[in-house]
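Some structures to go through are shown next.
One chain, subunit A, links the two complexes that follow: it is found with subunit B in the first and with subunit C in the second.
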Partner chain A sequence: MLRLVNFAHGAFYAIGAYVGLIVTQQYGLAAGLIAAPIAVALFAVLFDRVLLRLFYDKEPTAQILVTFGVAIVVEESLRFIFGGTTRPFPLPESLSGSFNLGFASYPTYRLLLALGIIVVVFAVWLFIERTDYGLIVRAGVRDRTMVQLLGGNVKLASTVVFALGAALAGLVGAAASPIYSVDPNTGFSFLVPSFVVVVIGGLGSFWGAVLGGLIVGELGSLTTLFFPAASDVVIYVAMALVLLVRPSGLLGESEIIRG
Partner chain B sequence: MKDVRFYALTVAGLVLFPFVIHPIGGYAGLATQILIVSIATMGFNLLLGYAGVLSYGQAMFYGLGAYVALLTVSKFFPEHANFWLALLLSIAFVTIVALAIGTLVVRLYGIYFALLTLAFAQMVFFVVFKWTGLTGGDDGIQGVTAPTVPLGFTSIDLTTPFPAVDLGPFGNLSDLHYWYAFVAIVMVLVIAFFRTLTRSQFGEVLSAIRENEERSTFVGFDISRYKLAAFAIAGALTGLSGALRGLYETSTAPDSLTVDTSGNFVIYAVVGGVQTLFGPLLGTGLIMYLQNVVSAKTDAWRLIEGVLFVAVIVFLPGGILGTLKRKPKRTARAIVASALRTSETP
Partner chain C sequence: MNKDDLTIGRGRFIAGGLAATAATFASINVIAAPQKTVVVGLNVPQTGPYSDQGTDQLRAYRLAISEINAHGGVMGMQIQESVGDDTTKAPVAVENARRMIERDGAVMITGGSSTGTAIAVSGLCQEKKTIFMAALTHGDETTDINCHYHTFRRYNTAHMSAQALAKTLLTKYGTGRWFHITADYAWGHSVYDNLVAVVEPKGAKTVANVLTPLTTTDFSSALSQAQAAKPDVLVITQFGKDMVACLNQAASFGLTKSTKILVPLADEYMAKGVGDNIDGVVTTAPFYWKYHSDKYPAAKKFVDAFMKANGTPPSNGAECAYVDMYQWKAGIERAGSFDPSKFIPKMEGYHFTATKGPEYWRAFDHQGINSVLVMEGVPVKDRENPFAFAKVLEEHQGDAVAIPQASTKCKIESA
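The block that comes next holds the complex of A and B.
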C-alpha cells in the first residue's frame, strides 16, 4: 500500500470501470463487481512482471515515468476500443430506488456502496495490521534487505500488495461507475482527488487516508451548497493549508515522505 | 574559441531548421511553434534532468503565461498594449506563483512531488476555468490583437512575412514570418542562459543534489533553496514559453493548463534526452512533428505516442541524445566534490 500510489492507479481504476460495465451488461452487477478486481489484478501482475521488473533497481523517477507511460497507453487503448464517449452505467431496478433511514432517505445503491466500502476498508486493515503476511509487507517497506535476510519473501509480497492495490482500484472503478459513469479519462479524474485525500490525511497512514477522504468529501459538498463556483478548488486549497501547517499530513509520519 | 563555434553552429541550425522541416511534411509555422514550446521543455529539463525532480504540473506556468500575456494586452492595459510589457508581466507573475507553490512542494520526493505539482496544476486549471469574467472560462481568450514589437527607433509587426524567394524543395522564404526570426533569437538567448546556468556552481550543486541528497546536505548545501530556485527558473522559462505561444496564436484556452499539456513536456524532454542541452529541443521537435504528420492519417496518435514513450524509457533510458553521447559516468561522490570545489572558488 504505502509506496504504490502511482500513475497506473488511474489506469487500473479505468480498466475496472470498463470490465465492470461489460460484465454487468452480460451477467449482472454482482458478476461485474467480482470480475473487475480479478481482471485488474491480473493486468497489474502482468505489468509488474513484464515492465516494472526492469525498473526495480533504477532511480524512482524512471519508475514513475514508466507508470505514466503505461497510463497513457491504457487510457488511449480504452478510447480506441470503446470510443471516447461517456457511457452510462445502468443500475438494476432493485438498487436504483431510495431507502428510508428514518430521519432521511438515501439512494439504495449509495447506501450499499458505503457499507461495502466500510467492509473492504476493514478487511484491508486486518490484512495489513493483523496477519503475518501484512507484517512482512510493512517490514519490507521499512527495510527490504533485513526482511529478506530473515527469510521473508519481499518480492512475492510486493507483487501481491501491488495486485491487491490494483484490485481495489479496479473494484472501486466498477462499483463507483453507476454513480459517476464511464469514459476513458475516468482514470486521471480519479487519480488526482485520491492523491489529495492521501496528502491531507498523511502519506502512508491508513487511517489518515480514511480521514482525508471524509474531509475532502465533506468540503466538496459543503462548498457546492454555499459557493458552487469554488467547489472544485476548495480541496486543493485545503491540501495547500495542510502542507503549510503540517507537511506530513494530518496523521502522517514525516519520514515516509522520503519515498 | 569553443564558445564561438558552439554559438555559430547553434545559429546556423536555427536558420536552417524551418527549411529542413518543409520537404518532410512540416510547415514554417510548425517550426515557430516547436521553438516556442521547446523553451518550456528546457525549463522542465532543469527540474528533471538537473535537480532530479519530476514536475507534473508545468502546464500551470505555461497556461498562466499565455493568459497573463493576452490579458495584459486586451484587458489590463489595452490603451498601452505593449509586447515587452506583456512578456515581462507574464514572467514576473509566473515566477511569483512558482515561488509560492515551490515553497510547498520542494520538500517532497519522487511520486509525491510529481502528484503534488499535478494537484496544484489542477487547482490553477479550475480557478481559470471557473473565473469566467476574467478568463472567458471554457472559451478562453480569443481574437486578441497582438501588439507590434517596439524597438525604440521603430516597431516590428511579427506577422510580416519575409520577402518572396523561391527555394525549390525547401519552400519559399515568404512562408516564414518575422515571428520565426524573433523566436529564434529568444531561443539563442535561452540556450546561452541555460548553458551558463548548468555549467555554473548552481548547476553543479543541483547535479550533486540529484545524485546524492544526503551527502550534499552534509557538505553544507541548503538543498531546499537550490530546488526552489530551480523550480522558479523553470517556471519563469515555462511562463515565457506560454506568453510567446499566446501572443503568437493571439488566443488561448483552458486546454493550455490541463494534465495533458503537463504530460507533453514530460514526454518531449524524456524522449529527447534529459541532462542534455539540446535533448528537449530535439524531443519537442520530433514529437510535435510526428504528431503533425501522424494525426493527419489516424486518430490513434496519442496511443502511438504513449507506446513510443514507453519504448524510449525501456530501450533508451537516456533519451535519444543521452544515448547518442553517453559520457563517462561520474560517480555521485565526484559530482558532489566538484560542486564543493566550484562553490569554494568565488
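The block that comes next holds the complex of A and C.
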C-alpha cells in the first residue's frame, strides 16, 4: 500500500529493543512489551510526517537511501546514548527455564514467543481482512485514487499502516531481545534477513511474508545443523532461486513490484 | 543596494580581512615551528561482534599515547594516531592498514580482536616492512604457522590457555562426554584443537563440534543438538557478542544447570553481557585488572589511570594494547631509530616487567611470554564492580604453557 521500501525497519526494531529493555528494568516485562510498540509507532509517525512524506512520489532508490540514512542515524544515536556494549535483557525467573515437551525440553520463553507470534500474525490478518479499516487498506493497495473518490482517507490509512508496521517491529524488538540481547547494531542484523523474507515471500503479500519467514528460518536452522559452513549463504541462494523462478516472489503479485 | 547593506558589507569585509590576516600569521607560525610527529595505525573493531573489545583497546591506546606524548613522545616525536574500524573483517582490516601505511605514513600498526584479522594484517605488514604489534589475537597461528618477522604478539595463545587449563579441566570437568560449539574461523579451530589435544588423551570423548559462523545471533540449532546429546561438558568457544548470545541462550535451554560449561577465553565485557550465567564457568585470561592491580604497582597505576579516563576498569585486551604501545616506544628508543630492521633485533629476546610479573619477547616466533590466569566466574551479587566478574584459580608462568620451540610451525623470515 505504501509503495515504499523501508530500510529503517531494522532501526524500529532496535528502538523497540532499547525501549523494551529500559521499561522492563523498571516496570517488568509486560510493561516493556506494551511500551516498545507504542514508542516506536510514535517515532514512526513523526518520521513519516516530517521526512518520509517528502519522498512518497520519488523513485525507490531515493526512498531506500533516505530510509537507510535514517537507520544509520538511529544506530549511531543509540550507540551515542547507550554505548556500544551488548546489554543483556533479563527475563523473569518463571520464564527463563525450559519446558518439557516429552521428546525434548525447549526454552519456555521461546515457546511463548512462538505462540505469541502466531497470535500477532492472526490479529494483523484479521485487521486487514475483516475490518472496515482493513478494507480501505486493501483497496488502497489496488487503486488509491478510486478509494479517495469514494471517500476513503488513504493518506491517514497509509500513516496508520506505517505506524502499525513500526509498532510490530518495536514489539518484536522488545520480545526477541531476551534471546538475542540488545546492542546498537541489532537492527541491521535483522534488516537483511527480513528483506530476504519479504523478497522470497513476495513484496506486498501478507501470507508471502509469513511463508518467507518460515522458509528462511527453517533453512538457516537446518543448514546450521547439517552443513554449518553454508548457513550464512543459504538464504541468499534461496532468494536467488526464487527470483529466477518467480521474479515477484512466491506469493507476490507482479503489479505490486512494478508499483 | 541601500546604505545599510553597504555598511554591513564593509563590516563583513573588515572582519573577513582581519580573520584572513590572523590565519596567515597563524599558518606562518605553524610553518616556522613544525610539530615533529610520528603516525601509528590503531586498527580495531568498533562495530561488529568484537566491537566492545576493540573500543576498549582504543581507549587504552589513547591513554598510552597521551601519557607518552605528555612525557616528550617517542625520541622527541609526538605520536599521532590514524584510526580504523576493521569491523572484525579481514579484508577491511587489511584495507585500513594499507591506508594507514600508504596514505598516513604509519610506521607501526597495532590492534586486533580477531585472529582472522591479525593474520591478514600481519601478512600485509610483512609485505610493507612495517611493524605490527598484534594485540587481542589468541589463535596460535598469529605467531605459529602464520608468524612473520615484522609481527609481535604479546597476548596469550590458545595453546597457552589450553595447557594452563589442563589441570582444572581434568579435576573440575572430568573426562566424560564433551560437546563443542566453536566459532568457525582460525581462532575457534585453534582453541578446539588445543583443548581436544589436552583432554582426549586422558580419556575424554568429543561427541560433536558444531561450527558456527562469526556474527551468529541465534545458536538455537547448535544448542538443541547439545541438549539432545546430553554431554557432561559444553565448551563455548565463542568471543565477544557471539559468546554473550551463545551463553545466554544456553542458559535459556537449561544447559547451564544440566551441564558444566567451559568458555576458554573471556573478558570483562563478555562477563557483563552474560550476568549470572558465567557463575561457576571456568575461563582463562592474560590479565585481570582486579587481580593484577592488587599484586603489581605498575598494574594499579595503569588501572587507576584507565578508570579515571574512562570510568570503567580495562578489559584484558585493553591492557595488552596499552603495554604494546609502551613496548613499541621502548623498542624504538633502544634501537635509536624507527627503522624496523634496527627495532626488531632490539625486541627479540628482550626481558621486561610491565603490568604483570617478568616477561619477554621470544626471538624465534615473536610471541610474548607472560603469565596466564585460570579464572572462575562469580555471580553478579558478589561483584563489587560490574567488571569484577571472576576469582583467580591459578596463575601459570608463560614458559610452562607456551608452544615449545621444538613443536613450533613458525618459520620466520630473516628480514
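As a working rule, the second predicted complex is superposed on the first by the 250 of 259 C-alpha atoms of A that agree within 3 Å, B and C clash if a C-alpha of one lies under 4 Å from a C-alpha of the other, contacts with A are read in each partner's own complex, and residues count from 1 in each chain.
To be clear about the criterion, a contact is a pair of C-beta atoms (placed from the backbone, for glycine too) under 8 Å apart; a residue touches a chain by one contact, two chains touch by 3 or more.
Owing to the predicted nature of the structure, the values given are computational and were not obtained by experimental measurement.
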{"item": "Combined model on subunit A where subunit B meets subunit C, clash or fit", "value": "clash"}
{"item": "Which superposed partner A:221 touches (first subunit B, second subunit C, both, neither)", "value": "second"}
{"item": "Partner chain(s) touched by A:76 [first = subunit B, second = subunit C, both, neither]", "value": "first"}
{"item": "Subunit B versus subunit C as contact partner of A:237, first or second or both or neither", "value": "first"}
{"item": "First, second, both or neither for A:109, with subunit B first and subunit C second", "value": "second"}
{"item": "Subunit C versus subunit B, contacts on subunit A by residue", "value": "B"}
{"item": "Which superposed partner A:129 touches (first subunit B, second subunit C, both, neither)", "value": "neither"}
{"item": "First, second, both or neither for A:51, with subunit B first and subunit C second", "value": "first"}
{"item": "Touched partner set for A:229, first subunit B, second subunit C, both or neither", "value": "both"}
{"item": "Part of subunit B, among the options 44-52, 116-124, 134-142 or 260-268, whose backbone runs into subunit C after overlay", "value": "134-142"}
{"item": "Touching both subunit B and subunit C, residues of subunit A", "value": "229, 232"}
{"item": "Sites on subunit B touched by subunit A in the complex", "value": "48, 52-54, 56, 104-105, 107-112, 114-116, 118-120, 122-123, 126-127, 129-130, 259, 263, 266, 270, 300, 302-303, 305-307, 309-310, 313-314, 317"}
{"item": "Subunit A to subunit C touching residues, read off their complex", "value": "84-88, 90-91, 96-98, 104-107, 109-110, 178-181, 183, 185, 189, 220-222, 224-225, 228-229, 231-232"}
{"item": "Residues of subunit C defined as touching subunit A within the complex", "value": "46-48, 51-52, 55, 184, 210-213, 215, 217-218, 220-222, 224-225, 227-228, 241, 244-245, 248-249, 251-254, 269, 272-275"}
{"item": "Subunit B-touching residues of subunit A, taken from the complex the two chains share", "value": "3, 5-6, 51, 54, 58-62, 64-66, 68-70, 72-73, 75-77, 79-80, 188, 191-192, 195-196, 199, 203, 229-230, 232-233, 236-237, 239-240, 243-244, 247, 257-259"}
